[in-house]
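Reviewing the structure listed below.
Every chain is named by a letter (A, B, C and D) in the order it is written, and numbering of its residues begins at 1.
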Amino acid sequence: MSPWLPILMAVPVLGAIVVALLPKGSDKLAKQATLLVSLVVLVLTLVMAVQFKTGGPRFQFQAVYDWIPSFGVKFGVGVDGIALVLIALSAVLVPIVVLASWHDADGTQSADGTLITPKRSVKTYFSLLLVLEAMMIGVFASTDIFLFYVFFEAMLIPMYFMIGSYGGAQRSYAAVKFLLYSLFGGLLMLVAVIALYVVAGKGTFMFPELVGVIQDPATQKWLFAGFFIAFAIKAPLWPVHTWLPDAAAQAPAGAAVLLVGVLDKVGTFGMLRFCLELFPDAAKAFTMPIVVLAVISIIYGAIVAIGQTDMKRLIAYTSISHFGFIVMGVFAMSQVSQSGAALYMVNHGFATGALFLAAGFLIARRGSPHIADYGGVQKVTPLLAGFFLIAGLAGLSLPGLSSFVSEFMVMIGTYTSSAFGSGALAVAAIVSALAVILAAVYILWMVQRTLNGPTAEPVKAFKDLNVREIVVLAPLIALIIGFGFFPKPLLDVINPTVTQTLVNVKVDNPAIAEKGAGQ
Amino acid sequence: MNDAVVAPTIEYGTLAPMLLVFGAAVVGVLVEAFAPRYMRKSIHVPLTLLSLAGAFALVIVQVVKGAVPTAPVAMGAVAVDGPSLFIWGVILVLSFVCVLMINDEGHFVASAAAVPGSADEEEAEAAGGSHTEVYPLVLFAVGGMLLFPASHDLLTMFVGLEVMSLPLYLLCGLARRRRLLSQEASMKYFLLGAFSSAFFLYGTAMIYGFAGTVSFTGINKALSTGSLLDPILLLGLSLLGVGLLFKIGAAPFQAWKPDVYQGAPTPITALMASGTLVAAVGALLRVFWVALGNLDWDWRPVMWAVAALTMVVGAILAITQTDIKRMLAYSSIAHAGFLLIGVMATFDKSAQNAKSLSAIMFYLLVYSITTVGAFAVVTMVRDPGGEAGHLSRWAGLGKRSPILAGIFAFFLLAFAGIPLTSGFFGKYAVFAAALASGSEAGDSLGGWMTGLVVLGVVASAIAAFFYVRVIVLMFFSDPAADGPSIAVPSMGTVAVIAISLLITVGVGLFPQPMLDLANQAASGLFIR
Amino acid sequence: MESPAEIVQHTAGGMIGASWLMIAFPLLGAAILLILGRMTNRWGHLLGVAMSLASFVVAVLTFLEIIGLPAEQRRQAVHLYEFIPGMVDMGLLIDPLSISFALLITGVGSLIHIYSIGYMSHDPERRRFFSYLNLFVAAMLLLVLADNYVGLFIGWEGVGLASYLLIGFWQFKPSAAVAAKKAFIVNRVGDFGLLVGMFIILATFHTLTFSELGKQIAEHPPSGGAVTAIGLLLLLGACGKSAQLPLQSWLLDAMEGPTPVSALIHAATMVTAGVYLVVRSGAFFFPPDSTQAIAVSVVGAATLLAGAIIGCAKDDIKKGLAGSTMSQIGYMMLGAGLGPAGYAFAIGHLITHGFFKADLFLGAGSVMHGMNDEVNMRKYGGLRKHMPITFATFFIGYLAIIGFPLLSGYFTKDGIIETAVHHQPILGWLAVLGAGITGFYMSRMVFMTFFGEKRWEKDAHPHESPAVMTWPLMILSIGALFLGGYLILSNRLYFFLSPAVGTAEATPEFDFASTAGLVTLALVAVGAGFAWVRYGRAEVPAVAPRGSFLTTFARRDLYGDALNESLFMRPGQWLTRFAVYFDNRGIDGLVNGLAAGIGGTSGRLRRIQTGFARSYALSILFGAALLAGALLLVGNI
Amino acid sequence: MTTHYLVLSGLLFAIGAMGVLIRRNAIVVFMCVELMLNACNLAFVAFARQNGNLEGQIIAFFVMVVAAAEVVVGLAIIVTIFRTRRSASVDDANLLKY
């Protein structure tokens, strides 16, 4: 019984309650308190992460309490390598988002004085943010599948309110679409969760005890489908992706970061942990169709991104393309591809987070997300432009930046995967590599239209980043570059978990290096 | 020949809760007759509340003593078994809470006899008159609700049904505002209710014809020996079903629900949506599981279709509703459908049946508590002409009154079954029971049960849309300039909302105590 | 014929162990300049130069240490750190090939850094320019020094990024922004090839490290298919970076960047990375006379002609030089496709080209500097008197590039031509033809710029550039004069490189009197003479005449852009528009349609609720009938 | 012989049900419901005879009492409506719909 994870979840919840109960008119205090709480969580997470033993048992910092014995449900938490890095990702992003959203609820005015967003409740926003943080940590830390499901669904609510109350003009449409899409997937998963419990007949939802229990191939397939659809919607995978551009475009930049950076990762995380390990035979049987969907996502997301006129929608579509990579990596079922996919989840969080935030800072200055309303930003605000460019380059997976390592691992891992006879996966990897070209088109074309060229008239009044905004972006950029050259700390944590996953999936796909040594 | 009349044995102790309620009702009538007008209310309120609380206490005493009878009491007329006691407890809590709401000024007409808009009405209102008959009527209805699910023969059940329904017909017509609607609701409810009771009765007659008895034990026995294909039996079964399904508002017998829920005074709607539903589901279970348990191979497929239709009709029709109470009525229809999934989760496996029963009872508890809370919120949002029923009036409520809107949003999320609310665990319990029973070896409906659950989640997703729509209206829309006012709530209403919220949140976080209760109550199943 | 020497793991310290400093210095410079930003405006350029020079010093010291080693130990792998655990470690490979490149990059790079101090002195963003230059040097060094394909690829994209940033340095000009983007995207097409090539390498050999690859291939000589595929894919990558057909189109547009950039990146170093890639992979994937090796030569030959033809028609001095660059790299590719026999000449030409082309570009920059940034040669004329040093150095570069006997270009280019004629006669004779065209267009350039009448704009006041610009020119021209001879005569470069790239069957001999060489000289003379007739003696019209079909063909870059536009851009735009439409109307339409359908159903169904109690009663009766019917039906099944 | 009674009872029930469906006057509709209840009574009594026990007859008495109570409630409601609307037609009460 390790107290780490319950504490990690309790701190933001308590923080949220405190922030919500602050007296009227203490907006500033609410912000400071939220920042403090999120920083405390970050520190705690890092302290915990340092104690993680990479060679140790798969799940560490385990804590299991009875919750609903009638249903066989336990409050079971614990982290493996992948969960750990994703929790760390959440913990890193939240304080950044808090700082980035500092004035989001205050009501903003564009340079020419028109009201962009009206004043809204600051306390509510920040307490929702903290509640969301607790749930994000919870969803990754759950070792009980029922508990996972609870967080999986409950997470929607704070995000729903953050989009719906604090978002752009189309916010309520986007929020409802987001909620219903996710809820629908979640409910199908609920059926599968129940059926898993019933069919397994173990009287428990604890993940480690359910691995390898379901043997019947037909049952596996049905249950797999139930989980997978939910995760595919969450991830989102083509063709159930259309909620993301709306939600991400309408959400305030900070919420969009958490939505795309962390919440959507639950989908791919779930595929990797639950779809694969609980239903290995079904996963193998469905690999090809899913990889095809993933490849479609990659290419399709990229092409549609090229055609977007709204920055945030564009970024959302790039994410769809990137999620395609993650899904492909997961289902290619090789050590390299899955490690790459897990790493991609983290890197994508940083890269897209930086991109959304930088775009958000741009939009906050101009009051319009339309690319056509910009031009020549580089000349006026070189710092903002520089950060935006680096974030964009991370988005196109420029080597030397963190997303390259993961994308490369996914592609090469998929190509070299021998899990299913290499042919089809090799083709998938090659086709997905075309996204390398498309990514350059969508990012650089956006950069060209916003940062470059003659300075547009309204842009001339822009102020460059202030200290708060620099503090928001700089750590992300540092992480992007740092992990671009030194991905080892993350990979060392991820790799053993992936190995364990592959053992559970019964795929014999040893690491490249071992193979090489053998020859 | 010794023809001496043997006095029937009545277990007064066991029946005490019910008898207390009925007794209080009779006393209430006497109060109406003899107490001076100005004193009546101050007598009725404590009388009603104390009798309900007392009845609840008596239920608790029985539970605590553990002396749950294993055979029907009162000469085989009433079965006070675990489920009965649970349902009684739930109904008594609900009715207590509803009475707190009823107690609030302004819901009931000053003089039902006065024609709406006439001078009589103005005069009655000016005199500050009120229908204190409401209290004994409610007590009679509650008594009926207690009897209905606990009855052990069809005749007692019929009587219970009528005792429950007749006062409600009247109560529906007593709204202070929008009296035309209220009276119309009352008449529709009455005519259709009477119509459906006739079906129930005719079904009873057929069953009696087949089994030679109306006692559930007897019917059960007859079904284990006689020909199960007798048309009289099947006809009786279907007509009984009509009467019971009508009461829970299952499709295609749901038509009355929206009209009546909309027209009736809101506290009465709350009572119907919670107490009546609980009682009716209890009765439905008793008839179908106890009396007709041996016939489940026949009625389960049909119930499958009814459940599916009910969920879909409720969810789909709710989407386009514009009146909050009407929408909640359709929501209640959809929930009746979910409950029917649970009702189907039975066949010849008593352990599994106990789980299903527990799931249904748990669902009833959490759903009805949330419902009462939701209607209590509805009473507080007011226009000059009464409650602001039309949804457009709710726009921007979240900005004008964030706490109230937040609570209502939470109730809606509970209806939608979002995790960390009580509604989620209710839904989960029922779905889990259905899947578990479907996967038991020997269930002929195995895969179909899964299909029904999938249909159930699809309906839940559709249903989520209209719950979410209200949240969107309240929080994401700008308030109307002449928006509704929020009534300063009475202590009673505050208490109602607080209790519902507490249970909805509490059970949402820690459902185990309630589940234990339901499990314990269901462990012995129904007395056969 | 020998394979390259085995790569040994470097264990001792020394200069080789510290060779990572070569990359670290300019990287540090770039980081400081970018992070500290405007604070460094005053001294930023000096830091940039210092870092580049420091890197050069390290390179020289490393070089000295290398040549102090016996030949078979001259390939040293320096392990840096674990990069992707289980797949690849980051490390440097210090061998004759990479150190040659490093010397060229840091040497010419430092000169161009120095030159830029003067050239960019009026630009308010000079500091940023130097940070990008430093970044470029670091990335280019990583490209050539990495001991594995992943590191190479990081450098490969890093130089692409630097190139993007520098082409678009004056990004406020839309043309510059577009050119930068185009360069990056076209390069990415090549990168796709390189990337997929790496997939196959890893799948086939289970390693991406050069030393391991060498061992693998030595132990298990690879079979055809995979290696051919790898070779062709790497060639695609090389085509992108080196502006070879069919990915040549970006280079001409890239001239939007400041001239020192054109000199360093788009002439001397980065664009030759393709040649490096082919030579570096040569021992693995380009066995002589294999399909892929021939493909390399064919691409080279085609590009050298295409570039030369384009060069003939350009009036923009930088674009003319860019065409020439394409053409010269074509020669290198041609040589690189010929196996170890051609490697030394290809690399030799690469090095000498680095000098004389940088010299030419910087000379052109110097001219522009004095002519208000005018680039149209039709508005030059007679400049030799006004800019004597520039003229002298440019003229030396000119003689070197056309292969004037005994100058640098003569040795290296003729070496390639002779080897090609020997191994691939057709390609070889095409290269001879190309040399003739080179003679024409380079002469045309010199005549139009420095000779003839003044055709200046009114406000032009040509003047010689400051010393900080002319000194690099002079140093470069010294290289253009003598370096070729030094490298090629007595096969110095050949023997120096052989541990890294292997040896040919027969040691190549430079033949001063070979047929091909003589024919080349003759053709060059003819071309130069023809240019004199057209542009030296005759008056050059200030506005370009319409010209023949061929001229238009050349002016339009052989319709390369038009081809790209109609083959890729337009269909791409259509596809994009269709995809966006499909996403909004198709997929989202389906989802919203489903929602609307449910809503519509609801709207219609609720009409059934008529409000008439009697119709409700009917529905109850109806329901009762259904129920009874269903129960009877189920009962009797 | 029971069958005859049952057929009659069924007919009465059907007539009652049809009356509910086709008659507009609330009083008549209500009387039709009463007719249905009486059809039930007939069935009970007939079955009691057939089964040879008295339960059916006792039930009939219960039903009559319940029906009487129903009359009280029903008439109260109908009269109130009539006073308000000056019409006893069930179709006029049609405000609550959709």
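Just so we're on the same page, a residue touches a chain if its C-beta (ideal position, glycine included) is under 8 Å from a C-beta of that chain, and two chains touch if they have at least 3 such contacts.
Just so we're clear, the structure is a prediction, and the values are computed from it rather than from any experiment.
A.B. asks: Give the identifier of the chain nearest to the protein's overall CA centre, each chain being represented by its own CA mean.
C.D. replies: A
A.B. asks: Would you kindly tell me how far, in whole Å, the mean C-alpha position of chain C lies from that of chain B?
C.D. replies: 78
A.B. asks: Just how far, in Å, is the C-alpha centre of chain C from the one of chain A?
C.D. replies: A distance of 36 Å separates the two centres.
A.B. asks: Would you kindly tell me how far, in whole Å, the mean C-alpha position of chain D lies from that of chain B?
C.D. replies: Averaging C-alpha atoms per chain gives centres 25 Å apart.
A.B. asks: Would you kindly tell me how far, in whole Å, the mean C-alpha position of chain B lies from that of chain A?
C.D. replies: For chain A versus chain B, the centre distance works out to 44 Å.
A.B. asks: At least two partner chains per residue is the criterion; list those residues in chain B.
C.D. replies: Touching at least two other chains: 187-188, 191, 195, 258-259, 465.
A.B. asks: Among the residues of chain C, which ones contact at least 2 other chains?
C.D. replies: If we look for residues of chain C contacting two or more partner chains, we find 606, 609, 611, 613, 617.
A.B. asks: Show the residues in chain D shared as contacts by 2 or more other chains, in ascending order.
C.D. replies: Within chain D, residues 17, 20, 29, 90, 93-97 contact more than one other chain.
A.B. asks: According to the definition of touch, which chains form touching pairs?
C.D. replies: In this structure, the chains touch in these pairs: A-B, A-C, B-C, B-D, C-D.
A.B. asks: What residues on chain B touch chain A, complex-wise?
C.D. replies: Against chain A, chain B makes touches at 358, 398, 402, 413, 416, 418-420, 424-425, 428-429, 431-432, 435-436, 439, 450, 453-454, 457-458, 460-461, 464-465, 468-469, 471-472, 475-477, 510-512, 515-516, 519.
A.B. asks: In the complex of these two chains, what residues of chain C are touching chain D?
C.D. replies: Going by the criterion above, the answer is residues 606-607, 609-614, 617-618, 621.
A.B. asks: Along chain A, where are the residues that touch chain B in the complex?
C.D. replies: 67-71, 121, 124, 149-154, 156-157, 160-161, 164-165, 171-172, 175-176, 179-180, 183-184, 187-188, 190-191, 194-195, 197-199
A.B. asks: Can you list the residues on chain B that touch chain D in the complex?
C.D. replies: Going through chain B, the ones touching chain D are 112-113, 115-116, 155, 158-159, 162, 166, 169-170, 173, 179-181, 183-188, 190-191, 194-195, 198, 201-202, 204-206, 208-209, 212-214, 258-259, 262-263.
A.B. asks: Any idea which chain D residues touch chain C in the complex?
C.D. replies: Residue list for chain D touching chain C: 17, 20-22, 24, 29, 90-91, 93-98.
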